[in-house]
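Shared between the two complexes below is chain A, which has chain B as its partner in the first and chain C in the second.
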Partner chain A sequence: MSQERWNITMIISKKKGEEPAHFQSFKLEVDPEEYVLDAVERVWAFHDRSLTFRHACHHSTCGACGMRVNGVEKLTCITLVRSVTHNGGEMKVEPLRNFPVVSDLVVDMSDFYNRMEEASAAQVVPVRKSALPYEHDLFPDDGMDHERLTDCIECGCCVSACPIALTTPAYLGPAVLAAAQQTHSLSGKPCIFDLVDTADGVWRCHSGFECTAVCPSNVDPAWRIMDMRRRVIGHRIKHLFGAK
Partner chain B sequence: MANQPSASKFMRWFDPRNRQPGTWAFILNRVTALGLTLYLLLHLFMLGKLAQGPQAYNEFIALAKTPLIKIGELLVVAAGIIHGLNGIRIALTSFGIGVNYQRQIFWLLMALAAVGIAAFGYVMFFVA
Partner chain C sequence: MDDSKPHILIIGAGFTGCALAYDLAQRGLKVTVIERGEIASGTSGRTHGLLHSGGRYCVNDQESARECIQENIILRKIVHQCIEFNGGLFVALTDEDLAYAPKFAEGAQACGIEIEQITTQQALRLEPNLNPKVLAVFTVPDGSFDPLRLALAFAASAKHLGADFYPYHESKAVLFDSQGRVNGASVWDRTSGRTFDLTADLVVNATGAWAGHVLKGTRAVVSVTPTPGVMVAYDRRLINRPINRLTEPSDGDIIIPQRRMSVIGTTSYEVEDVDYIPVEDAQIEQMRRDAIALVPAVAQCNMRGAYMSARPLVGKGQSGRSLARTFKCFDHTESDGIDNLVTITGGKATTCRGMAEKTADLVCQKLGISTPCATREQPLRSYRDFYLPRGGRK
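Showing the complex of A and B:
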């Protein structure tokens, strides 16, 4: 925390029940070294106790606080106020796109979680298999069978940023396809192809690469989707020559 | 359900604000594809004029040499070059080639496109 103080205007999307969403402004004094989630909590604590938003761990592990800040998907617990506005500036906070809004900044992610389960999304992965192939020596092999939490924290930022998820509700979306790629790379489960080798699976992606740009957790969904395509084509070629 | 996916939101595909070069390429590919499709229809319509005899053909050629039509033709060339080069980038990255360098590939190919468009423009307006 610093001694510096900024005066900013927070513009927050509000929506209750069936009413249409609207914006409400709040004048705040903040430390620019605070995180956006701290500023949202400040609004709740001192200005509007009816404001609803999702949050839990405050250290980028739970993935609950994904929101759009000035139009860009951010995990608000690790996004510094300084990085998104300036002294005297504005900070617009909106719910993630492509999910039903339950209330204010809270979105319903149940369908998303169900799809992650369909892709057998791992919760923990062996450390030596957890890095992406282009991340050399990220976790040197010490011969032990360590495990770690998987990178994807299921925040939904990638789904919100994806231009295809915007127009096609049936599209599996970047997080699910990335999870499927990880499942296949860890287990080799061929049944995962039934899920992803479809019009609304890996072939629906139109290479916008926004998912990777906004991912706060090094999942690199775009790379994984492209890798999944290679795996699908490899599987199809093998199938063509009689492999099961 | 304004915040949920809907096919009616396709116009937002063309909004480049707060987005990355990947989306700019996505937008460019759609705009150029629509432009080329429109051109194909116009082209077929103009070719139909040829069936109306030599006079109609000569009138068409005279029209094709006017500056406005030449600018239109240059836009068609630009759309073809941009769409084609960007298509190469998408084909490569779609199969895992150069995915981590897709931004650099995009800028490189768009620089090539600019050179190509300038060369075509020079020939069309100052040589041909």
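Showing the complex of A and C:
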């Protein structure tokens, strides 16, 4: 936060009922050090009580407030206004892509959440196994078995940014494949291969790494998809030599 | 849905509304929940996420402390899916904190909270980032949780039992029949712009800090003091357990681990309008200082988020910290002569299931239903089941 004040134009995607989406502009005075979600919430509080948007925790643990800000997927509760526009500039806020739009900035996450459940996506994980293999000594370790909420907050930013998810809703998408990789690395569940070793699973990914670029929560879905491919191939080779 | 069942309309899908929907559905009632925003988008979502052991209240507010430890144990059993449970610490940093220690130990024992005093060396082995100058340390059974997922787990379980949830549907007015009894609400569907009436046999106002606002236009009165506090999230997980300052409830008295973050809270002051509460720079700076006092490495962290949440404290006229953190169920037949209307407010996230149980008891008593509460034992559904289509997974 700061004493600095900017005047910006918020251009917000609005959609009610069956009507097509359109943009509506709002002039807003903002602190460049406040978060995009604060600005969106102020539009609702003082300018347009009909505006609908998803949000809950306001500190990047719940994943509800993923939106496209000036064309890029952002978790809006931790995205500073300063990082997306300038004094006198515009801030275009749209719902995530590749999800059905319920209203305004609200998308329907049902299929996404159901697929995460199918991948047995972990919710609470051992702290020691909670980071990516290339990260080291991130968390204090007293030798005891601690647990923590996992990194993926199911915000959907990766699915919105994914060029392949844009081509077909059948593609499982980066979050689900990353979750499957984590499930396999934590539990060794072989049944996960049935889900991901398919045309709409790990092989559909074109390695664009857009998911990792927008992930606000250190999941690195692209790395996990590549690792999942390695695991699938390993499994197939073992299978070839008679392993079940 | 069986139309012969009494129909309860719950306004508000925070922790209380979601837990109440689950309890009432469990007791066989038809339940509809309307919420003007996303699930848990008011106070509930913006909690700091501490699964209280009750230690914070065991000296000054023992009723709340007992509620906390009872519910802490139940929630760990029924909704572990969204809880980090690694225990917590209470640490003394000053002589004044040290003087509080005997009262704390006595209070914890009186409330049935398991605590243990450990040495500074032991504490630093457990939490290497703890301020090495701590003078006394107690362990407590604290944890932390994900707020949205906690609410969703209750909502998913309610939905599984037939409850209907309507997010983005705002109550515009409480409706009355010709005898002056409440019989529903006028609802604004914010996704379509349409307004319609929802009828119900009984309406529960579970809007917390907004309880008075929802009752506008009726003669019902509830005394709720919205008391916001700021929380600041830092970008490193420096601890595995919540670290509480061993003192009476005060500003910046706790730092909580959550995912890869450390979250410090909080302040306490009063507001009238809770729809938008700005986060003040001075409060962020104060939180940073308080966080560094407990865990000095916060000084090397970047701020990841700062946010504000309005506690719904029951009562008026006293300063926020002196109001009890327990909850209150208002039967408006008794308080205002209005039938079929109940308000539940106050309380804490940790006690949401217990609040729901008491409220459901009152609702059932008013309707002449004797089914007992059955939410203490059985694990809740996966929070993701909230998004299941009717009839189960494809």
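To be clear about the criterion, the second predicted complex is superposed on the first by the 242 of 244 C-alpha atoms of A that agree within 3 Å, B and C clash if a C-alpha of one lies under 4 Å from a C-alpha of the other, contacts with A are read in each partner's own complex, and residues count from 1 in each chain.
Here, a contact is a pair of C-beta atoms (placed from the backbone, for glycine too) under 8 Å apart; a residue touches a chain by one contact, two chains touch by 3 or more.
All figures in this text were calculated on a predicted structure; none of them were measured in a lab.
Taking chain A as the reference, the larger set of touched residues comes from C, when chain B and chain C are compared.
In the overlay built on the shared chain, the residue A:E29 is in contact with neither chain B nor chain C.
Using the contact criterion defined above for the overlaid structures, shared-chain residue A:E117 touches chain C, although it does not reach chain B.
Of the two partner chains, chain B is the only one that A:A21 touches; chain C does not reach it. In the superposition on chain A, A:E147 contacts chain C only, with no contact to chain B. After overlaying the two complexes on the shared chain, residue contacts for A:A64 are found with chain C alone; chain B is out of touch. In the superposed pair of complexes, A:N218 makes contact with chain C only, with no contact to chain B. Once the two complexes are laid over each other on the shared chain, residue contacts for A:A56 go to chain C alone; chain B is not touched. Of the two partner chains, neither chain B nor chain C is touched by A:D137.
Once the two complexes are overlaid on chain A, none of the chain A residues touched by chain B in the first is touched by chain C in the second. Here chain C touches chain A in the complex through residues 37-41, 44-46, 49, 80-86, 125-129, 146-149, 151, 168, 190-194, 231, 233, 236-240, 257-261, 263, 275-276, 279-281, 284, 304-308, 382-389, 393-394, going by the rule given at the top. Those residues of chain A that touch chain B in the shared complex are 20-21, 70-72, 95, 97-101, 107, 134, 163, 165-169, 171, 206-210, 213, 222-223, 226-227, 229-230, 233. Listed in rising order, the residues of chain B touching chain A in the complex are 1-7, 9-10, 12-13, 17-23, 25-26, 90, 93-96, 99-100, 102-103. Contact residues on chain A toward chain C in their complex (touch as defined above): 1-2, 16-17, 34-35, 38, 41-42, 45-46, 50, 52-64, 77-78, 102-103, 106, 109-110, 112-114, 116-118, 123-124, 127, 138-140, 142, 144, 146-151, 153, 217-218.
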